[in-house]
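Paired with chain B in one complex and with chain C in the other, chain A is shared by the two complexes that follow.
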Partner chain A sequence: MQGNRLYEGQKLALKYFMVAIVLFGAQLLFGLVAAIQFLYPNFLFNILDFSIARILHINALVVWLLYAMIGAVYWLLPDEAGIEVVGVKLGNLAFYILTAAVAVVVLVYLFIQIGPGKESTIWFITEGREYIEAPRWADIGIVAVVLVFLYNVYATVMKGKHTGILVVLMADLIALAGLYLAGMFYTDNIAVDQYWWWWVVHLWVEATWEVYVAAVGGYILIKTLNANRKVVEMWLWIEVAMMFGSGILGLGHHYFWIGTPEYWWEIGALFSALEPVPLVGLFVHVLYDWGKERGKGNNIKNTPAFAWLTVETFGNFLGAGVWGFMHTLPQINLYTHGTQWPAAHGHLAFFGAYVAILIGAIYLAIQGKAGLKEMRMTKASWWAITLITVGVLIMSVSLTISAYVQTMVERGQYGGTWEGYFIAQANQWFVQGMGWRLFSGLAVVVGYGFLVYDLLTIDKKQPAEVREGAVAAA
Partner chain B sequence: MENRPSVWSSNRFWRRSATWVTGVASVLLVFLTFDSMGQMKMGTAADIKNKVDKRIPSPLVINYKIDYKLNKTRGHEIPIIGGMDANGYSKYEEKEKFFGKDNWSEKEAKALIHKGKLTIQAKNCMDCHTLLGNGAYYAPDLTKAWLDPTWETLASAYGGKEYAIAKFLENPPAMAMHERKMPNLGITKEEAKAVVAYLKFMSAIDTNGFPRNFGKIKGAVDARK
Partner chain C sequence: MEYYIQDIPSSHFLPIFVVSALVILFGMAYAGFFTVVKLKLVKRYFMVFAYLSWLILVGCIYYLGELLKVEPYTQKVLIGAMFGYLVFPHVVYFLLEKVHNRFESESNQI
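So, the complex of A and B:
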């Protein structure tokens, strides 16, 4: 990675990162619209209704994370395997096809929005299934593009070095891609519909994506702290064991109330809590090893990437682990299911588990592109990470307070009727929570501005000794 | 002896553990999925005739009165279709007119449910509402919407609650009850009827007692009531 020469695969990675950051902006923008509508329901009514703002908010999230994930793999793949990515031309073609398809889907969401209750709507406008609303034609396109990506990864690893990180990624990516197929069919039976829908949503974000993150996190630790590869790989296998051991059957915590048999209560309650523990273990272990050698010229090679990885480690534990476990037992979930609880958990978990590490990976790529041996945080890096992290934290706490009110008032007090719902929504504490959520959302948007500015300029703002490589040589 | 590396720091040990754990969990999931799919098959006309309780009932439940009552054996509420027997389970006897008739054929009922589900997806209902508790949190949960007391109070003015709900769906802003109102989604008369059928059918799905106490407490502590 050092030096000015980039692999073609890494140039492709930069393209993926660029689109990812643009879509991240779109995610925040539409999230802001939805947050305003919670307080001022007439805002953009009949123009960009809440449902459309939310579709764009969550779809932009999923798609930009996938873009950044593919980008990070293309970045580390030639570096780890030690050879150019096989089939990189095909990979480039797939990138342009995917981006054109995403643009069309977004325009259809924005300007056509809904269709008549017919099969053609499912094929060409929206599938109307949260997170995977993309119409069927786009599903098929996504599968084709992902197949190209998988071919590139597999062919490159077969030809080059098989490092532990790459082996874990190969196994994980095939499961990740295969699971998408579980969401590509229609049924009149809404319980069966949601059963398989969760295979995509849960087995992505609570299993395969988590393992992906651990692999990329390990790579970032090797790059920024010179972590011992054996230690990284050991924790990676522990992560796979704990993540898949708890995550696969952890699917059960979504099968409490959707027309499924009762045995999922016990299964879902048991397998959920252990998911993000190993990442913390890996991080602490590596940091400890690094600390022992401190002051012997082993500077952190990329402080912004490392800072984001730190946010990732604890954000993942807090957002996915603690916030998830707070409402995962069926005895509690009976009252929290379908309230702001999952919203509070979702915001902190998606940020902590995925957003933070992928921003870190992008910083690593910026360093590689500029050919710097070492890259340090700027003022803008500091403002970006602070505003975004603190913003999301306040947002999650605010949503949690609103969620408490909704749970107690709507569910506990009123038994979940239409009337109970609106009484809870009008409760002063619920509204205050929504207000704080909007305020912290604005902080995140400002932080995003700093982030974009920083990503564009950080390589030029490095101090002279870093630019000349004097520090690394010492 | 004391220099032998511990198994706990052996990559080979953890790699093998990871493979075994993943394999066992996946096999268990596949096995449980086969079992769940069997239990979640949609019921048929024969099931209704033979009074067989299905987790996902036959679409023919639109011909019957539906209720949601505490079952002592199961410890939570369950859907009661066509009246309750002495043990707290469905009798499948008491009929209820749905858009003027209570003898919808299996074919007609299935067609209605099909159109209703397609419409629910085509209008992105799930991105404001929750269905079976999943979706967005900007509007009320629809799992038991058919049984919501609000519609009972409007039923007489519209000649039955199915008419009231359908009327609402065709132009929601005209019947808005809160500042946060549902937009007009261009739902046709036919689509509205189908969506109402789907809501009635969904309210008869056995959700293991979710949501608890639905519609039982009215204005419990609120001083305005």
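So, the complex of A and C:
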């Protein structure tokens, strides 16, 4: 920001954030449809089948998180580098191309729900790989857009200031973009296909995205708490080393049962057990900074953003750490794999690790756009954070109860047979868990309503002293 | 020697899930108590809870190893790792303290 004026790169960031929030809504909507279909399988049958609702639910999540991530980088990039984003016009063009491509892909999913699986299907309908189902034409488009984004980031940092946060992001983004290529080629062998596919999914979610979050989290700490930049950056390097150290070979816990050699059991078990360690380090770091800054009389400069950062710290620990470790070791994963356990873990981990911090980044951008020196929570902020957080927590607990039934009945009692599968699905505890999941999903949707309302109005609802500060600054 | 995963009786599933969760929670409790005591946010005697959490963590890890029927060698490695974790918050805190002191004294000089 230059005084009260935004950089062009930051205006582009706001566009990315806007689409991200719309896609967040789509994710919740299709998630709700899928949750209803678990209880009432005839719901929208032959109109919007479960398989499509699920694809849209998951892909909307991945895409909106990527939009918000790109947005957050475009927001902090000129601020950190101290110059306008290089190639911002190209960045704008890439944004419109990407958004049009996402809209076309979603329409194709909706209009062509079933059909034969041919070579042309991979190119024009879907590649059929969970989480990254986009057809190949869209894949190639995504690569082109990401190359523009990378060029903009690299060219800007080369020309401007090289802060620690930016250098970490540069290294991380190149890995994040490069790994996407591993999910683009097709092989006839499902084990080989899965082997490479996990490079995208695991090495994104449990390595490069974690590092991204540490970098953006550091930026938010500096902006909201006035934390010492050198301390934040120094610690960032340690966290990066720990996250890559445990996260890369943590990949092994996805290789237990897909036809890969058995040495992955030991590798997966060891590095999965190490994966919570950086989260403990991150927790100690945030606690330390908060404790140090607390006595200095520094006001929190953006309470909604800081509140979401706090949710991120605990949510990441609970979702990724506790829920992850409960079912990950190979001895127990033999019985939990393919049940609702990964769903319980995934919902809380994605929310805790990524959703929370990216919402925090959006609040930071709203503050910057309004030119406010300080931004405080409103009632709508409070309702949004409470309903969404509690909703996701109840959702994860409900899914855990259903998962436990599956583990005991389907796997323990019936040895993973089809008979066991259907008996477990009809078990009243399983069904009740799914019922509570639907209820908590509704709470999250209401929370989302508050969130959208808050993002649109929070700058106008700030107390007089904060607004006067903004006028004086302008 | 090649290791094969042993069958686990279904009656052990619940203890495994609970103890696994406790491993992470007591691991965090140890690091959390340790940090807040060091930062003087609570009284010094709370450090007892930190080390108590670590002891419970060691017990949980041992019990988890038994429930998962891990090899004797792995069981030893797990307990060894717990001694590593005993040192971990000390190292993290030491690094943070050094970094803070170094950079804060530099900014004071400016």
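Please note the rule applied: the second predicted complex is superposed on the first by the 439 of 474 C-alpha atoms of A that agree within 3 Å, B and C clash if a C-alpha of one lies under 4 Å from a C-alpha of the other, contacts with A are read in each partner's own complex, and residues count from 1 in each chain.
As a working rule, a contact is a pair of C-beta atoms (placed from the backbone, for glycine too) under 8 Å apart; a residue touches a chain by one contact, two chains touch by 3 or more.
None of these values were measured; they are calculated from a predicted model.
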{"item": "Contacts of A:G321 with chain B and chain C, given as first, second, both or neither", "value": "second"}
{"item": "Which superposed partner A:Y335 touches (first chain B, second chain C, both, neither)", "value": "both"}
{"item": "Which of chain B and chain C A:T407 touches, first, second, both or neither", "value": "second"}
{"item": "Most chain A residues touched (candidates chain B, chain C)", "value": "B"}
{"item": "Partner chain(s) touched by A:N427 [first = chain B, second = chain C, both, neither]", "value": "neither"}
{"item": "First (chain B), second (chain C), both or neither touched by A:G245", "value": "first"}
{"item": "Which of chain B and chain C A:F283 touches, first, second, both or neither", "value": "second"}
{"item": "Touched partner set for A:K230, first chain B, second chain C, both or neither", "value": "both"}
{"item": "First, second, both or neither for A:T386, with chain B first and chain C second", "value": "neither"}
{"item": "Chain A residues contacted in one complex by chain B, in the other by chain C", "value": "230, 234, 238, 262, 265, 334-335, 411, 413"}
{"item": "Complex contacts: residues of chain A adjacent to chain B", "value": "34, 37-38, 41-42, 45-46, 49-52, 54-55, 113-119, 121-122, 125-130, 133, 164, 186, 188-192, 194-195, 197, 230, 233-234, 237-238, 240-241, 244-245, 248-249, 251, 254-265, 267, 334-335, 337-340, 343, 406, 411, 413-423, 425"}
{"item": "Residues of chain A that touch chain C when the two form their complex", "value": "228, 230-231, 234-235, 238, 262, 265-266, 273, 276-277, 280-281, 283-285, 287-288, 291-292, 317, 321-322, 325-327, 329-332, 334-335, 404, 407-408, 411-413"}
{"item": "Chain B residues touching chain A - in the complex, by the definition given at the top", "value": "9-11, 14-15, 17-18, 21-22, 25-26, 28-29, 32-33, 35-37, 39-42, 55-56, 110, 113-128, 130-141, 143-145, 148-150, 177-181, 183-188, 191, 194-195, 202, 205-222"}
{"item": "Partner chain A, residues of chain C touching it in the complex", "value": "2-3, 5-6, 8-10, 13-14, 16-17, 20-21, 23-25, 27-28, 31-32, 35-36, 39, 41, 68-70, 81, 85, 88-89, 92-93, 95-96, 99-100, 103-104, 106-107"}
